[in-house]
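Chains here go by letter, A, B and C, matching the order in which they are written, and residues are numbered from 1 within each.
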Amino acid sequence: MRNRFGGGLFVLLAAVALVFLVLPIVGIFFHTTPGRVIGQLSNPVVVDAFVVTLKTSLVAQALILLFGTPTAYLLATRRFTGRSVAVTLVELPLVLPPAVAGIGLLAALGRNGLLGSSLHFLGVTLPFTQAAVTIAVAYVASPLYIRQAIAAFEAVDPRLPAASRTLGAGPVRTFFRVMLPIARGGLIAGLALSFARGIGEFGATIMFAGSLQHVTQTLSLAIYYEFNQSFDATLAMSGVLVIISALLLLTLRIALSWHESPSNTSPSLFGLSSST
Amino acid sequence: MARVTLEHVTVPLRSFELDVSLAIGATVALVGPSGAGKSTVLNAIAGLVRPSGGVIRCGEETWFDQDVFLPPERRSVGLVFQDYALFPHLTVRGNVEYARRHAADEYLERFGIAHLANARPAALSGGERQRVALARALARDPAILLLDEPLAALDAHTRVEVRTELQQLLAGLEIPTLLVTHDFEDAAALAQEIGVIVDGRLRQTGTAADLVARPADPFVASFTGANLLRGTPTGSPGSIRLEDGTLITAAEEVGEATTLAVYPWDITISTHPPDDSALNVVAGTITAITELGNRARVTIGPVSAEITAESLRRLGLETGGRAYAAFKATGTRVVA
Amino acid sequence: MKRVFLVLGLLAVLATPAASATKSAPKATVYAASSLTNVFPVVDANATYSFGGSNALAAQIEQGAPADVFASANLTLPTQLHQQGYCSRPVVFTRNTLVIVVPKANPAHIRNIYNLTKPGVKVDVAAPGVPVGTYTQQVLNNMNIAAAVNKNVVSQESSVTEVLAHVTGGDVDAGFVYATDAQSVSGQVKVIRVPAWAQPKVRYGICVVSASQNKTAAHAFIRLVLSAKGQAKLLKYGFLPRFKPAAKHHRHRS
C-alpha cells in the first residue's frame, strides 16, 4: 500500500516538474501567431542579432576548445601542488553573476583596465566591439566545457595512455591517438553545454560589449530591448528563438548519435556524468 | 639476446622502499604477495615509473641511471597489462597496428586472431583479449617482454587453457621475459627462474624446484606451496606416469594431464613402502633436508614433503637414505 | 538551538503585522525613470521605488507589474498607457535638458558637440525607445549631425544611468544624458552644453496606474511631487520647473 502511494507521489512530482518546464514555451506560442513568428524572420533586427550571435558563438567555442582542452587535460592527468586551486579558479566564472563577470572584464580589458590600458596603448580597444561579445561569451561558458572535459579525461583508464607510451608513441601522439578519441564523447557534451550557455549570455555581454544592432546585439539582447518596445514583437521573436534552439538541440543530438562512444550511454544530450 | 639488468633499483612505495637487483636473460617470474612491489619493478623497466636510484640497462644501452631516464616510447619494451589495456576505440587490427603499421597481419596470424581483425575489444573473450595484447606488445619487436599478472583476469577454466598457450609461446620466444604473478604455480609453469619478492626485497631466486626444496625462509616455503610432478598421460583421466614409471593419480578427472601438484604438507614419509594401495607413492633417495623451526622439508626424488621436526627425528631420516613419500589422490591436483 | 529559531520565527511572524499596523497608509510603489533615482527618495522617503528606462517600465506595467505610480521621462509613454487604459491621464511634473558628458580626463578632447562627428570618437547613447534616446536623436537631427554622430555610436543602452556609467567608467569618449545626471556625478565628468535652440522639449509625465490597489497612496505621492516642497527639491537637483516661465513675446510688428 505504501509502495503504491510513494510511487504515485513520485509521478505527481515529476508531472509538476515537466509541466513547469514546458509551460513557458507553450505560453510563448499560445500568445503569438505563426504568421508573426515567420514575419520576424525577415525583421532585420532578428537577422542581425542571429548573425552576431552565430559569429560570436562559433569563435568563442573555437577558442574554448583550443585553450580549454589542454587546460582540462593537464588538470585531469597531472597532480601538482596548487592543483585544487587551479581547478577552483577555472570554475569561478560559473558562480559569478554574469553582470559581475561583465564588470570584471571591463576592469581587466577596458580602456583603463589592468591589461586593457596596455592594449589601448598598442591601439587595441576591446569594449563595445564584436570581439568583446566573443570574449564575454567565452568567459562565462568556458568553465562548463572545462569541467566536463576534466571529467572526460579523468574517466580514461590511465593504463591506456601508459600502454600507448610503451608501444612507442610519445606524449603528443598519445594525446591525439588515445586520450582524445576516448574522451571525445564527454568533450562534445561539454561543448554542447558551453554552446548553450554562450547563446543565452546577457549580463556580461551588455556590460562589456554594449548593445548595437549588427555589431554587438545578440539574440538575447535583441529580445530584451524589444520587450521594452513591443511585447507582441517580443513574443514573435521569442518564438523564433525557441525554434532555433530546438533545431540546435536536434542537430547536436544527431551529431552525437553518429559518434558512438563506449562511454556515452546516457540519453541526455549533455551526457552529464555523475563524476566530478 | 640482450639481457636486461637492474642494479639496486629503488622506488619508495607506501610502507617500504623497493630495492631490487635482477638480471633477466630468459623467462623470469617475480612472485610475491599483493603489494610487494612486483608491478612496480615492471613499470620501472618500462619507464612508467621513475626510480629514486639504481641502474637499468638493456644490453649495452642504459635506460636509467643517475643522469639518464629514457621515456617509455624510447625503450624497446612490450608490456602486457593486467587487464590488457586494449584501446577500446580501435579494432583488433587497429590495436596491433598501433605498435607496428605494416606487419600487423603477420602478428594477427601468428596469434590466431586474424579472424577477429575487425572486432572491437569489448566483443572478445578474456583469452582472445590476451592474445591481442600479446600480439600488440610483440609486434613492437621489443627487447624485453613484460607481463603483469597475465592470468589474473581470466576465469578458472580459461586459465589452464591460456597458461598452456602462454607456456608454448614463451618457450618459442627468444627475448628475455619478465612476468609478474602472485601465483607460484603459474610462475613455475611459465618461467625458468623465479624470484620471490616480499616487502620490496627479493627473498630468494632460483628454479621452482629450488624454491620448493630449499626455501630460504618460512615465508618462501609457505608461499611456494605445491610440488609439481610432470609426466606423460596414461589414458586414464587425471593420472600420469613419471619418468621412472611410477603411476600418480589425482582425484580430479580432468582428461589428459601432464602435470600434477601435491602440497608438501599432504605428504607422509615412511622408511618402508606403505601398505595402502590407494595411495600415491614416490620412492626415492632423500636428497635434501631443511629444518625450519619445528618443521622440516624433506626432498625425496621429485617431491618435497613437509613434516614436523619430531617426525624427522622419529624416522631417523638422513640425506642419502631411501624413503617413500606417500600422498592421497584427494590431495593431488591436476595442474596441466 | 531549535528553540532559539522557534522563538525568533514567532517574533518575526508577530512583528510583521505590528509593523504595518503602525503605518497609517500603505507605501506607494513608484515606477520612475532612471534620472529620478536620486531626487525621488528625497521627495518621499516612504515610497517603494523601481527605477529604469521609462519604456522598460511601461512594458512591465502593461504586463501587470505591481506599480501604483508611473513617472516617465516623457509624455509619450504615459499617454500611450492612458490610451490603452493602463493609467490615468498623465500630468507634467518636471522638465529637464540634455547635455553631453565626457570623462574627466577627456581622452578624445571633446570641446563642443560638433567634435562628436570626428571619426573614431566613441559615443554612447540610449536606445531609441528610451526617452533620452529619442531626445538625443532629436538634438542630432536639429543640428544636422545625426548621420555623422550615429556612425560613432558604440552602444545603445536601455537606460540613461547605463550611459552615465560607461562615461564615468572611462570606456567611452562621450555620452548623452540629462543635465541632472551630470550634476549627480559632477566630480567625475566634464559637461558639454547642447545649444538651447537644439534642445528638445523634455517633459516628464506622471500618472496613477489603473490596476493599482493603492490609489490613495498613489494620489498622495503625486500630490507631494507637485507640491511646492516637492518641486523645490526637483529644482535643487537640477530639474526645470513644470511649466516654462512666460516667455517674453517678441511681437513683430509687421
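We take it that a residue touches a chain if its C-beta (ideal position, glycine included) is under 8 Å from a C-beta of that chain, and two chains touch if they have at least 3 such contacts.
Predicted model only: the values in this text are computed from it and were never measured.
Student: Which chain is most remote from subunit C in terms of Cα centres?
Tutor: Checked the centroid distances; the maximum from subunit C is B.
Student: If you average all the Cα positions, which chain's own average lands nearest?
Tutor: Most central by this criterion: A.
Student: If you average the CA atoms of subunit A and of subunit C, how far apart do the two points sit, in angstrom?
Tutor: 36
Student: Please report how many Å separate the Cα centroid of subunit A from that of subunit B, as a whole number.
Tutor: 54
Student: Using the average of all C-alpha atoms in each chain as its centre, how far is it in Å between subunit B and subunit C?
Tutor: Using C-alpha averages as centres, the distance is 88 Å.
Student: Which subunit B residues qualify as touching subunit A in the complex?
Tutor: For this pair, the touching residues of subunit B are 46-48, 71-73, 75, 77-79, 81, 83, 85, 87-89, 98-99, 122, 136-137, 140.
Student: Which of the residues in subunit A end up touching subunit C in this complex?
Tutor: Spelled out, the residues of subunit A in touch with subunit C are 106, 110-112, 127-128, 209-213, 216, 224-225, 227-229, 231.
Student: Taking the touch rule as given, give the residues of subunit A at its contact with subunit B in the complex, in rising order.
Tutor: 157, 159-160, 162-170, 177-178, 181-182, 261-262
Student: Name, in rising order, each residue of subunit C that touches subunit A in their complex.
Tutor: So the residues of subunit C in touch with subunit A come to 53, 55-56, 58-59, 62-63, 107, 122, 124, 127, 129-130, 153-158, 166, 169-172.
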